[in-house]
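What follows is a pair of complexes built around subunit A, which joins subunit B in one and subunit C in the other.
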Partner chain A sequence: MKTRTSILLGSLSAALVALALTSPRVVAADKVDPVADAKAFQNFFFQKFPNVKHEDFVNGPYSMNEDMKRQWQEKEEFPPYEFALDAGKEMFATPFKNGKTYADCFPNGGIGIRQNYPYFDEREGKVVTLELALNRCREANGEAPYSYVKDEMASLTAYMAFTSRGKPMDIKIPDDPRALAAFENGKRYFYTRRGQMNFSCAGCHVQSPGERIRAETLAPALGILNAMPIYRSEWSGMGTTSRRFVTCNSQTRAVPLEPQADEYRDVEYFLSYVANGLPISGPGARP
Partner chain B sequence: MKRSLPLAMLLALSLAPAARAANEADYKAAYAAAEAASKEAAGMRNQWTVTVSTLAAAKKAADGGDFDRAVAAAQEAEALAKASIFQATSEKDAWKAMEIR
Partner chain C sequence: MASSIRVRATANGDITEVQALIQHPMDTGFVKDAKGELIPAHYIQQLKFECNGKDVFVADWGTAVSKDPYVKFSFKGAKKGDDLKVSWTDNKGASDTTTAKIS
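Our next item is the complex of A and B:
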């Protein structure tokens, strides 16, 4: 009887020890760790494409295909986004009706700050993108907001990105559970399959960069937003980050969310953070 | 034996429910079911474009008086909406399998 009791007690203690040893791991696996996520994300691409220079990932499909890269480099002598860039510069300097300008709304007069967007606004408890900040600036100065998906917004962000060219993406995640939740929500959105085609963002831009989907060469997810906004030949015009998300959703036959929906803001936060250290290359040009 | 086959066929046909054309009530019931599933999918932020267009096709067919086509489209829309609900539900956890770690 005593032997049986001691075996029972021994088994129970062993089970408790095992539980105690495994529990912290479970907690650790569920903990949001943006630093570890960014490291793993970057390493995945660096190992998958060992011949691509790290700073070259921001050039999207051109980093995956030498022929395309040469064509793009020639096109860059007279880039198709140049008109938008000039328009954006002029718009940025033109005062609102109240005499103020965009420069009054941003740190450093809005010059060379693209790499810090999106940021987490601790007062609002949400992610604020550059596009959102620009429209809020307009509204605060009595102007009507612009469409988030093209034309004026693309021109303004093109100019602001241009003033940050070469600067490393520098997104901060404050020690705030809401910021961590936004990062995690963005990550979830990025990996979640949606639409009748059952595609996630990752399905194309993690599993298949460099591969073709119909006539297009897929860009790697790493640094994919560093080139925004972009001139796309397919669109015959400029498009913002919002436009890119909306179009991606439509292509998977998912009804897109409204531009600057929380999910889009969060996925922009996630994708920008994991690209920290890679240079801003926007405005970009894509096929 | 030769006579029994046509007789059996005749009997089977007479017992089979007669196929009838769909009417407006059938369409309304099918459309309501599809619309409810579609709203549920939209509430999950996972509406599919094809659900919306198929629902619209059902309505258009009904407006033109073609209730057979309207019912078929509404049933297809309901199936699509239910598939999107299934997707959203299963992806609540399934996305983690895709994550780079």
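Our next item is the complex of A and C:
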């Protein structure tokens, strides 16, 4: 009995030593490396589409198809998001009942800051999107929150994006394991297949940009959020990033999450980070 | 409230090119809302562009025109600085008017 125990102990400690020896290597291979991920992500698109200018990826399907691009450029002379933009500008300047404005809630008065959203809030330990920050601003000032998907929210973000046009996306990942975990979680969501049709986000927007899915031309995932919010002719109205995620999920017959669910915030964080350096082009117009 | 009409008119020689965007729901009367109730028809019946006291473009519309309609056309006989008056009336009796200078 005694010998058996010691043999057992001996093999256990040997196993522990072996584990201790191999584990640093395992950790290194699994380490979350957003910088390398972003580089690999961007290079994939640059190599797949060598003729597309890098800053043109933010124009979605129009970067993939010359004919669509010409039609869009004509449309941009009189863009369909113009009413939303004007409404957003007016809303942004109108004070709340307590006399404060949106400008009081944001750095630089909310002007030209779209490229810094979403950001990782180290106090909360979660990703905070622009829509979330806007509704928190409303609630902090005693106003009812807006719907996350369209109308007022889309108008406000349209105006904020417009004041940031051309500025390169600049998402930071702080040195915080929770921020890296959020990035990794977003990445996982992006590449995971789901729904009755077994689609992942990547299946369409990484493997097949420029291809058609029914009548639509698929947009590249690189820079896809730089154009948000968008006027979609299919919706005959404006929609936010949340609306896009929800409809993407339901079109592939997956169960959509609640707008601004943790996974959506993480996938927005991931997609925005890998588009760092590409210009903000929102508000956009899409077929 | 801001005007429901956006218009831009540019003269190039004898030809004036006009683009207009109008904010209007253009409900057909066949669509149901979230509660399952029909949204009553609400659409622009007439859209009119006038220049120097003359109608240059008159459209009699029905429900088949899209929401927030966009119109583009060109006409002869106006010059830079002339006024272009745009007006619409809908089936509920509402209307809006705006005047733009041809540039």
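In the analysis below, the second predicted complex is superposed on the first by the 261 of 287 C-alpha atoms of A that agree within 3 Å, B and C clash if a C-alpha of one lies under 4 Å from a C-alpha of the other, contacts with A are read in each partner's own complex, and residues count from 1 in each chain.
What we mean here is this: a contact is a pair of C-beta atoms (placed from the backbone, for glycine too) under 8 Å apart; a residue touches a chain by one contact, two chains touch by 3 or more.
The shown structure was predicted, so the numbers you read here are calculated from the model rather than taken from an experiment.
K.L.:
Which term applies to subunit B and subunit C once both are placed on subunit A by superposition, clash or fit?
P.N.:
fit
K.L.:
If you stack the two complexes on chain A, which partner ends up touching A:254: first (subunit B), second (subunit C), both, or neither?
P.N.:
first
K.L.:
Who does A:235 touch here: subunit B (first), subunit C (second), both, or neither?
P.N.:
neither
K.L.:
Quick check on the superposed pair: does A:187 touch subunit B, subunit C, both, or neither? Answer first, second, both or neither.
P.N.:
First partner only, subunit B.
K.L.:
So, A:198: does it touch subunit B (first), subunit C (second), both, or neither?
P.N.:
The first partner, subunit B, only.
K.L.:
With the two complexes superposed on chain A, say which partner A:86 touches: subunit B (first), subunit C (second), both, or neither.
P.N.:
second
K.L.:
For A:41 in the superposed arrangement: first (subunit B), second (subunit C), both or neither?
P.N.:
first
K.L.:
Tell me which of subunit B and subunit C touches more residues of subunit A.
P.N.:
Larger number of subunit A residues touched: B.
K.L.:
Note down the smallest distance between any C-alpha of subunit B and any C-alpha of subunit C in the overlay, whole angstrom.
P.N.:
Least C-alpha distance after superposition: 18 Å.
K.L.:
Which of the residues in subunit C come into contact with subunit A in the complex?
P.N.:
My answer: residues 2, 6, 8, 19, 21, 23, 66-68, 70.
K.L.:
Considering the complex alone, what residue numbers of subunit A touch subunit B?
P.N.:
37, 40-41, 44, 187-188, 191-196, 198, 200, 202-203, 206, 250, 253-255, 257, 263
K.L.:
Provide the residue numbers of subunit A that touch subunit C in the complex, in ascending order.
P.N.:
Residue list for subunit A touching subunit C: 77-78, 80, 82-83, 86-87, 90, 236-237.
K.L.:
In their complex, what parts of subunit B are in touch with subunit A?
P.N.:
Contact set of subunit B toward subunit A: 42, 45-50, 52, 80, 83-84, 87-88, 91, 94-96, 98-101.
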